[in-house]
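Let me begin by handing over the structure; questions about it come next.
A, B and C are the chain letters, set down in written order, and residue numbers restart from 1 in every chain.
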Amino acid sequence: MREGMAGAGQSLEAPPLIEVANVSKWFGAHRVLSAVSFAVRRSEVVCIIGPSGSGKSTLLRCINFLEEYQEGDVYVRGKLIGYASDALGRRIRDKERNVERLRRDIAMVFQQFNLWPHMTVLDNVAQPLILVHRKRPREARELARQVLEKVGLAAKIDEYPLRLSGGQQQRVGIARALAVEPAVILFDEPTSSLDPELIGEVLQVMKELAREGMTMVIVTHEMHFAAEVADRVIFLDHGVKVEEGPPKELFFSPKSERTRRFLETWVERNSLFLDRPAGGAQMNSVV
Amino acid sequence: MSAFFGTSPLSQSVAILLIGAGTTIAVSLAGNALGLLIAVPVCFMRLSQARAARAMGIAYVSFFRGVPLLVQLLIVYYFLPALGLDLPPFVAAAIGLGVCTAAYQAENLRGGFLIIPKGQNDAARAFGYTGVQTRRYILIPQALRAAAPTLINEMILILKASSLVSVVGVEDLMRVSQNIVARDLRPIRWYMAAAVIYLVINLALALLGRAAERRLSAGYARVTL
Amino acid sequence: MSAELSLITTYGPQLLEGFRLTVLIWLLGSALAVTLGFVLGLALSAGGPALTLPVRAYVEFFRGTPLLAQLFLAYYGGPSIGITLDAFTVGLCGLGLYGAAYFAEIFRAGFASIPAGQLEAARSFSLSRRARIRYIILPQLLVLAVPASTNLLIILLKDTAILSIVTVPELTFQVTGMTLETFTFVEPFAALAAFYWALTELVAFLGRRAELRLGVYLRPEMRGAE
């Protein structure tokens, strides 16, 4: 599926880029996440699927510590993010400075795009390079230009974000994530806010990234995309990791009844499509 | 009416009046600038997660909006020398105005901040921005734009309120017209003239405000998400 | 400390009188402002150009110029055209005319925001003019205007201090006089400030209560069967 992928051999040597270990989060009696664990290795594409309210986005946001949690650990490149031990060995919030440093290796693409409307497209992409990655403005803008060209928005660099279509805005969001050359990109339901006809252009860019070996963790409802692009799919339900495995397994021979039930409508409607040659299939999933 | 500008003492008085108007504008601008400088941290305190900071922010706004400006000016006028600071009346007045208007501007800014979608903060944090960077490059520029109309409105209010600095020894438009009346004994003419000058300046400010609002929103459409 | 206490006993009566006058002039001035403002607001919304033009000129003048300038005009300018009034009356009328311009705007906006459909419905039911005003317009106007009005009332309360400059013997005038005689400035003015603070907070609190009570019918959960 992707170039240069060494397969199982590679994953045994390289330590995981992201490791989520037994993360739990709750609000009073409501359990948002229950002891969720998984790992992401270099160049892997991991998709997290599940019903609304299952905690998928929360889980994703725990990775770059946009969400705090009560139990468990998240490791980014082997380093614990968000928490540290105080002198007595108790768990405390880590210094903001340390969290910021670790966040430099992770980029995020948001459902609502979250572009900064008072800056041009170019500046949206270039500013993190200047402020966080300490690049010189001219260099940063040049890098930004290149990345924007890569996602097909070279013509829009001097526009303001709110003038663009949803699909274009999200591509800017992806460009912004790409530009900082992260170790991994987190995607939080990147196409859920888009009109159907705009979803395709974004998924196209994401597929290209996957093909080039970018490590990606994607929360999505686009089952087609997950089935086609993911190395592994994680099914989350009510904060519990129900099942994890390669898409073929999860979609067509799931181990858990819950997984089967969640996916059965989609599988019914789409199993035929997966055998069709490329170009004929509708890219939008309707689960 | 032709006699109005004819004789020399009269045109002299008009000149003095205009200089007084200049002082009024100057002290208002100074107060406005100082007010904005103070308003930003006060606003952040008001919006802070820490209860103590939030309480202080609320108290500041409550106090400086709850006490008449005249009383505040009198306190500043008498209090500063007690602290050993011998400042010229203009400076003391600017400080008094600034500290007062900061309370109103903080509230205006707060409205501006509350409009910013939370996701923008998330994006900044996700990319490793420090708190200071987020505030400086993402939040404050947008809050200022959003609050611009109300801030300009505040400027108009400051200008009118500045008439009180005449009481604490500043040679502003009011004080200057009082001086002229003391010599000239034509109160209606000169106080009316002063009033009209205030009106004209306010009109100019209102027009400026509208133009500024148009420029600031250029290309930056209202968020409809 | 005993020096401060003796101050209070010496000046007590004057300060009390000043307080009484502050409240009196505030209430009377506000009453004048609301009444006149209502009429003007009505004129602005419902009147023809012959009416709206002079009213608009009035509103722009009194909102665009400082209260102090208006007071000076009345107090010092009045005598030269034969109108010599005492300080209290000048203060009262000054505050009232000034406040009326602001209330006029509030009421005008209030009138404008009543959905036209309601007025049409009322007319179609042949409700008399008076009934229309009383049962449809007034209640909604009240609810819409209350927040802005409480704000304005607080502003008018604070502006009573300005009246001291034209020798109206309200509270600030009394305290200023006291400080000039006793040469203590900071404590009396600080106390004066604290006093106004408490007073305005009280009025703000009452205003919020009023808003809640009056706004009841606007809140969905309070409506009956919907």
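What we mean here is this: contacts are C-beta pairs under 8 Å (C-beta built on N, C-alpha and C of every residue); 3 or more make two chains touch, one makes a residue touch a chain.
Everything numeric in this text was worked out from a predicted model, so none of it was measured.
Asks: Could you tell me which shape the graph of touching chains takes: line, ring, star, complete or other?
Replies: Per interface graph, the chains form a line.
Asks: Please list the single chain whose C-alpha centre lies closest to the global protein C-alpha centre.
Replies: B
Asks: Just curious, how far off is chain C from chain A if you go by their C-alpha centres, in Å?
Replies: 58
Asks: Taking each chain's centre as the mean of its CA atoms, how far is chain A from chain B in angstrom?
Replies: The separation of the two C-alpha centroids amounts to 47 Å.
Asks: Which integer distance in Å separates the CA centroid of chain B from that of chain C?
Replies: That pair's centroid distance is 22 Å.
Asks: So which stretches of chain A touch two or more other chains?
Replies: Touching at least two other chains: none.
Asks: Can you tell me which positions in chain C touch chain B when the two form their complex?
Replies: Touch residues, chain C against chain B: 60-61, 64-70, 72-73, 76-77, 80-81, 154, 158-162, 164-165, 172, 176, 179, 185-186, 189-190, 192-193, 196-197, 199-201, 204.
Asks: Within their complex, state which residues of chain B touch chain A.
Replies: 117, 119-120, 122-131, 133, 137-138, 141-142, 145, 219-221, 223-225
Asks: Per the contact definition, I'd like the list of chain A residues that touch chain B in the complex.
Replies: 64, 66, 96-97, 100-101, 103-104, 106-108, 110, 112-118, 127-128, 131-132, 159-160, 162-163, 176, 180, 186, 193
Asks: Which bits of chain B are touching chain C when the two form their complex?
Replies: 62-63, 65-72, 74-75, 78-79, 82, 160-164, 166-167, 174, 177-178, 181, 186-188, 191-192, 194-195, 198-199, 202-203
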